[in-house]
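The following pair of complexes shares a single chain, chain A, combined with chain B in the former and chain C in the latter.
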Partner chain A sequence: MGYGVSKLRFRNWKNKAFYIFVCVMSGITMFPLFFIIWELIKKGYKQFNYSFFTEVAPTSMDAMLAKMSDSVIPGGVLNGITGSLLILGMAIVFAIPVGILAGIYLSEKKESRFAGIIRFLTDLVQGIPSIVVGIIAYAWVVKPMHGYSALAGSVALAIMMLPLVIRSTEETLNMLPVSLKEAGLALGASYTNVILKILLPSAFGGLFTGILLAVSRIMGETAPLMLTALGAAAVNWDWSKPTSSLPLLIWEFYNDPNLIDLIWSSSLLLLLLILTLNLIAKQVANKWKIQ
Partner chain B sequence: MKDKIFKSLLFFAAALILILTAGIVYSLVIRSTDAFARFGFWQFVTSPEWDPRPESEHYGALSFIVGTLMTSVLALFFCIPFSFPVALFTGEYFKGKKVASLVGSVVNLLAGIPSIVYGLWGFYTLRPIIISLGLNEQGFGVLTASLVLAIMIIPYASSLTSEFLSMVPNDLKEGAYSLGATRLEVISRVSFPAAASGILASYILALGRALGETMAVTMLIGNTNNIPSSLIDTGNTMASVIANQFGEASGLKLSSLIAIGLLLFLITAVINSIAKLAMKRIKS
Partner chain C sequence: MRLLELNRVCVSYTPGKNAVNNVSAAIGENTITAIMGPSGCGKSTLLRAINRMHELYPNVETTGEILLKGKNVLRMNPMEVRRRAGMVFQRPNPFPTMSIYENVLAGYKLNGIRLGKNEREEIVETSLRNVALWDEVKDTMNKKGSFLSGGQQQRLCIARALALKPELLLMDEPTSALDPISTNRIEELLLELKEQFTIVIVTHNMAQAARISDYSMFMYLGDLVEYDTTKQMFTKPGDKRTEEYLSGVFG
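Now for the complex of A and B:
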């Protein structure tokens, strides 16, 4: 009798202890996110002024002089912002049409052997380390063009984006009820019209969320751009010239002792942009949820 | 007619993935042949020597392969005590509740932080701690890199594990409860065994993530071309050596770096395929 009660107590105690352990560890795991954001805000907010968004990155010399006279480092990250826009914009143009079409194909041919292979390869491409994607874009674009370029950077980012877009398109379309398609076909609409005018608009929310998340995922990529876009000191809108981007600027600042104070503000900006995209994606997903 | 064009357009978009993958493999192989022809594939993989001096030029990938495996496996180890409780929190204890989706979202946002920002954080926050603990004079090394890497892969491991835990049928768990089992006993004797293969696959996938991480590791591992002799020693991973030396490389060195890229591609492809195939089998 006594044995049973003490054993029961021990089991209950263990159960509770484990519950507390799970809650505490989960709480601790939430820490790093806030810790990182806090660190960036604390060290970076001082640089957040008007010129941060309207001027290009300062030279090492300017920054050193400013530091010696104890004033705020002049200049900003305009060349990084415009470079990111250019590279991301081109990557979006390359990846999204192909990604959506391939996604439609996969959701239309659920059982086909070929679709199975494509699905497997899509996962494979998604798993390629970003630095290897950089090597590929180097071999495909930088080498033939005899120089680093925004185009090469955007090819690298497009390769990384493509599988994300394909998979989110396929998953969203798979969630649509079959009756939707059948109703369209029964009314005499052509296959093309059913897909373009019924299925895609109904899936808009999911597609848009997928694209936003894909963009937010590749926005902070640094390694592939080091091998392809290289970086530039001035604002550049020419797709065939070396171009900077926000993450590339952070890397540049990190490697220059005079500019190192700028890493915090530029990282803060990059992180804010990424988190905002994530939040918008979540809002869109909630609003356009497929019933 | 229009439908035919549209259908072939869809097919072509899908086929493009096949062409893309084939092109990637082709380019990597073609551009690494110089290195493999000079040193031999097996020699290249098993030689720890990385000597760029022109008179005694010799390249081998072993130091970087070992460095990659050490950091990644260690990171996986460190990430378990955090990612598994999070998975239990969101997929079991508070399944479907608001607090679970809150914790899940916050942890998932960790996946959104760019690698380079993790690197900065590791450099300025974690490194001083490592130094003050007296583990390492400079604070760089395998340990520092894998600690940051562990944080980076937590969201991948926890979200998939949580999914597999929440897929365990309620009947099974209720059966155990009705026999008088406590929640912990249900988790350890019913949920965990039922989801074990899925959980294993999730962690293999997280390992695949860790293998290819570049920037954060490059900033923290110390970048020395040797096999790390201990966990606090410095070294290089396959990704970090490419990131560090690709810019100024040419000729045989460039080819060797691309060969390392090919090896990294193969390793991650194998790891990811194992995990994905396992998951597919479990889900069907």
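Now for the complex of A and C:
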């Protein structure tokens, strides 16, 4: 009897110890994230003012003068924000229709040989290093157009987005019950109408989440843009001209000893944007869950 | 008048192996015909051959003749066939993104048929009254159909099928996922709908067939073993297998 109780106690103790161990370990995985955010806030908050969002990046000279007089570096990252918007916007326009259509194909023709090939290629593209994607976009767009451009950057990012959009579309559509499709067809609807008016709306939440996550994944890409969009000192809305972007600015700041203090606030902004996209994606996924 | 005629209908999922084997039968207008039989005997397969649902799946082959008002549905445009022969499934499946109102009109929307506002309202009201759902939902028309109870959802699906004014209503165990009270509701409803429509209903439930159908088919291993008036079949079945099924020897 007494033996049984002590054995039970030992087991309880073991359970508890294991539980604490698990908690501590998962706490440790959070460490890097908190550490990064803390570091960025600590070093970047001073720059995080009104002009940070409304002015373009300062010249090296302006920054040096400000530093010598011990004041905050003037200017901001407006050209990066608008450039990111332009490039990402075009990448979305290119990648989403193609990605969704390919996703529909994969989910509708699951068994076909061609679907198998597309699936395999999609996985391959997802594995291509981003710098290589940049080189491809350079060869396809920059060379023929004789110049760096926002368009070239968006082509590179669209290539990186495609596999993510294709796969999330396929997976979301696969989760829809077959009965939905059958119900539509049984009403005499054409196949196209069933897809456009029933399946896609029902899958909206999943598609939207997939797109947001894909955007947040490519938002911080720098390497492919260095070979395609190049960067620009002023705000540019022309798709055929070199354009800046947030990650490109961070890279430029890093390379200029006078501007290096700006990398913290720019990184903080980029991180906040990505976190926000992820949070929205999560909300959308929860709200539009497929029953 | 014969609305539907089946002549030597065979359906196979794998070549050389018929899930429905040489079924011939004729179905008159404004009747309820029940298809009975143990599970796996080909009831759903036969029903889905009539509105050509099998064409969704490339390996399924249907042969023979299926005449709807004398015209072979296997040679018609499948979309026309499905508009003329509505279908209700085992599990209620209202469209989750559409409101109750839109669900009833889904057939029109999906077929690209434009209706005036008065016409729309009228179709929605008649269809919902037909399935005795009008009073329950007339104030919540804009809510999603998925908020309704299972029985209400199934009646909504029947209304959705009826809205297109089909000549034939095909139902595949429409009450097997419902509670007894909802089942009872739907059975009463079918008896009323018989005045306007012709109904073919697959049922696993012999009592249900006895309660509502005028004619009954008994299927076994893909064959149509017996087809007669329900009364005759339940009192004097002509085949040993029917008798055994009805007396509960297998099922």
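By definition in this document, the second predicted complex is superposed on the first by the 266 of 291 C-alpha atoms of A that agree within 3 Å, B and C clash if a C-alpha of one lies under 4 Å from a C-alpha of the other, contacts with A are read in each partner's own complex, and residues count from 1 in each chain.
In the analysis below, a contact is a pair of C-beta atoms (placed from the backbone, for glycine too) under 8 Å apart; a residue touches a chain by one contact, two chains touch by 3 or more.
Worth saying up front: this structure is predicted, and the values here are computed from it rather than measured.
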Who wins on chain A residues touched, chain B or chain C? B
Once the structures are superposed on A, label A:P177 by its partner contacts, choosing first (chain B), second (chain C), both or neither. second
For A:V22, select first, second, both or neither according to whether it touches chain B, chain C, the two together, or no partner. first
May I ask you to decide whether A:S216 touches chain B, chain C, both, or neither, giving the answer as first, second, both or neither? first
Which holds for A:G4: it touches chain B only (first), chain C only (second), both, or neither? neither
Quick check for you: in the superposed arrangement, does A:P144 touch first (chain B), second (chain C), both or neither? neither
Chain B versus chain C as contact partner of A:S190, first or second or both or neither: both
Figure out whether A:L101 sits in contact with chain B (first) or chain C (second), or with both, or with neither. first
For chain A, which residues lie in the overlap of the chain B contacts and the chain C contacts? 190
Chain B residues touching chain A - in the complex, by the definition given at the top: 2-3, 6-7, 9-18, 20-21, 23-24, 27-28, 31, 81-83, 85-86, 88-90, 93, 103, 105-107, 109-110, 112-121, 124-125, 151, 154, 158, 182-185, 187, 208, 211-215, 218-219, 239, 242-243, 246-247, 257-258, 261, 264-265, 268-269, 272-273, 276
Under the touch definition given earlier, write down the residues of chain A that touch chain C in their complex. 177, 179-190, 193-194, 197-198, 201-202, 204, 290-291
Would you tell me which residues of chain C are touching chain A in their complex? 51, 53, 56, 79-83, 86-87, 89, 91, 93, 95-97, 106-107, 109-112, 146, 157, 160-161, 164
Given the complex, residues on chain A that touch chain B span 11-12, 14-15, 18-19, 21-26, 28-30, 32-33, 35-36, 39-40, 97-99, 101-102, 104-106, 108, 114-115, 117-118, 120-125, 127-132, 134-136, 138-140, 159, 162, 166, 190-192, 195, 216-217, 219-223, 226-227, 247, 250-251, 254, 263-264, 267, 270-271, 274-275, 278, 282
